[in-house]
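Two complexes come next, and they have one chain in common, chain A, joined by chain B in the first and chain C in the second.
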Partner chain A sequence: MKSRKRKGILARLFRVFAFRKKTAKIGLYGPPNAGKTTLANRIIHTFVDENEDMGVSTEVPHETRRAVRRGGILIDLRSKSVQNPGSHSNPDSKSKRERAKLKLDVVDTPGLATKIDFHEFMAYGLEEEEAKRRAKEATEGVIEAIKWLDDMDGVVLLMDSTEDPYTQTNIVLIGNMEARGTPVIIAANKMDLSDAAPQRIINAFPQHPVIPISALKGENMEKLYEEMARRFG
Partner chain B sequence: MHKCLKCGKKFEKIMEEMLGGCPECGGNLFLYVREGEERIKAADLVDRIKIEEKVPLECEKIESLRILSPGVYVLNLDALLERKEIVMGIKEDGSYAIHLPSLFGRKNAAKRR
Partner chain C sequence: MDLVSEERINSMGSMEKIRFVLEGVKSGNIVVLEGGLTSEEQMNLIELTMAEVSEDFPGIEMSGYPSKKGFLNMRRKARLTVIGPAKIMRTMKKEKDLISAVISAF
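So, the complex of A and B:
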């Protein structure tokens, strides 16, 4: 465990000094329905093309069952306005924004879960055969998402602010990434909902930066991008 | 010999009446005492009990993926994150399978790069 951590840190240091302009590969991880695809689409719409989507986002869990990679995204906070029209710009963030530039590959991953039961798909009106097929694909998707972790330079871990953050999935994932030495940013998503409590996530994982966002409404995204530029750049 | 733990009455054999409890006192706990061990106290018997060491946790965590029935899967994220291979437990017949592509996946990924 220790040697792996050391290896991870050394590998990152090597990359920082040897390939300063290397594109950072960032994985969007989290439990099903946390908003990974919504965030991936938000990043693409803001920095690449408003008409391009990385995936389809629905309320059915495990909608993304294969990891999807989109390369060469330039997050440049100087040239793009990433503010939500309704939100207010922070005057202090101007100097940070000038530095915030990051080239990255984004990988939208299937949701990680400890149990996948076809009955949960049937609750959304799917036929039994289709539900079983989805459950199998979702299970393969979890394994695929975990295999991708080996390639990641950083991880944005999405959590649903309306849910209890003390889940086995969150704790196992964070513990493993700490052991690997992979930098993590926690995005406390769905902050626009009335029952959102991002403070619970901040209290649960004080060792990592936690940024409350709404990927759907585009709230507080600038702060997330700044943190990404700082941690993964 | 069977000894009633409530009244201490001894019985050579199990009798039909004993099935509903001790015929003397109604107690329903009996101790089997071997010949020549009549004088052994219960406290001495307790010392004979050997508590086997707990099975290492590793054995409980070996399955990284368990298939409970078609369409129902239990994933051991910890094992999936830690191990290179995927060990599947299939409930119906208690058999296990090792997912071979996962064993070779790393090598192939390294070649692709």
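So, the complex of A and C:
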């Protein structure tokens, strides 16, 4: 019995060291309502199951108040045709696709903020008690998101292309990732909106790759996946 | 408003600094730090702030001018950091060389 147990442990160790493929743990970070959960769902729908959701996204801020991890996602652009409305394939895209393969765990995190006022939730029609409960959970969510940073191999930082990107939470997050040497990709989300200005984000953070996307509409996703495979693979 | 000299800030440890800032802000003061806080210290400040958010204290507003990268990119200390209570600081807007804060009396 004892020797079988030892054999089992040895077999497990052998599998771990001999056959384990590197899985990158990638955190989706950003301010509330930047589209983190929408992107997480888009990734799952594209590469895992189109009926599976990682979370619910609504217009109410701090909808995600607990970090959610989904493991074992294989981003393989060789076998997937990624929906990319409005884009045209270029001659270079085939060779890029051949390299674009990445196994990852995605962590959808609560939105980072420096303030959480329960009155903001009441503006969305929540009762006072519910708003206070949600605010309390949201503060815990921010702390949880910060704690998760220690475990991340890479970060996709989502920013709303219609908003001013030069917020202190964005700057602090990027500064922390740079200090840790963790790779960052900035996804300039909501590029489909008429007042979107992804160029502002590109100008604000020239030291990091910025990919304009619409996680909701699925625009330019292939470029983001290629960059993820390149940076995090 | 508390304008805190770099000497005073440098004499404190990281946690002491963060606690000093948070206590000042919770008392209703706007704290301006010469020399500022590192990115890691600012993240710790956000974390500690969230632990203390209540109905009367919804959090902080914060802005600053980042410095150039430090040795081996390990320390990125701001040149100046402004932190205030979110309850009275309606907005804080930063441009290249100007931080504007709109403060409400209510």
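Quick note on the criterion: the second predicted complex is superposed on the first by the 211 of 233 C-alpha atoms of A that agree within 3 Å, B and C clash if a C-alpha of one lies under 4 Å from a C-alpha of the other, contacts with A are read in each partner's own complex, and residues count from 1 in each chain.
The criterion applied here is as follows: a contact is a pair of C-beta atoms (placed from the backbone, for glycine too) under 8 Å apart; a residue touches a chain by one contact, two chains touch by 3 or more.
As the structure is a prediction and not an experimental result, all values here were calculated from the model.
Undergrad: Clash or fit: what happens to chain B and chain C when chain A is overlaid?
TA: clash
Undergrad: Just chain B (first), just chain C (second), both, or neither: which does A:A196 touch?
TA: Neither partner.
Undergrad: Looking at A:L224 after the superposition, I want to know if it touches chain B, chain C, both of them or none. Which is it: first, second, both, neither?
TA: neither
Undergrad: Give one of first, second, both or neither to describe whether A:Y166 is in contact with chain B, with chain C, with both, or with none.
TA: Once the two structures are laid over each other on A, A:Y166 reaches chain C alone.
Undergrad: If you stack the two complexes on chain A, which partner ends up touching A:E178: first (chain B), second (chain C), both, or neither?
TA: The second partner, chain C, only.
Undergrad: Just chain B (first), just chain C (second), both, or neither: which does A:T139 touch?
TA: both
Undergrad: Figure out whether A:A113 sits in contact with chain B (first) or chain C (second), or with both, or with neither.
TA: both
Undergrad: Using the superposition on chain A described above, determine whether A:A34 touches chain B (first), chain C (second), both, or neither.
TA: A:A34 contacts neither chain B nor chain C.
Undergrad: From the superposed pair, tell me which chain A residues show up as contacts to chain B and also as contacts to chain C.
TA: The overlap between the chain B and chain C interfaces on chain A comprises residues 112-118, 132, 135, 139, 142-143, 146, 149, 168-169, 172-173, 176.
Undergrad: Write out the stretch or stretches of chain B touching chain A in their complex.
TA: Its residues touching chain A are 65, 70-78, 80-82, 86, 102, 105-106, 109.
Undergrad: For the complex, which residues does chain A have touching chain C?
TA: Per the touch definition, chain A meets chain C at residues 112-118, 132, 135, 139-140, 142-143, 146, 149, 164, 166, 168-169, 171-176, 178-179, 181.
Undergrad: Residue numbers of chain A touching chain B in their complex, please.
TA: 112-119, 128, 131-132, 135-136, 139, 142-143, 146-147, 149-151, 168-169, 172-173, 176
Undergrad: In their complex, what parts of chain C are in touch with chain A?
TA: The contact residues of chain C facing chain A are 38-40, 42-43, 46-47, 49-51, 53, 55, 58-64, 66, 69, 73-76, 86, 93-94.
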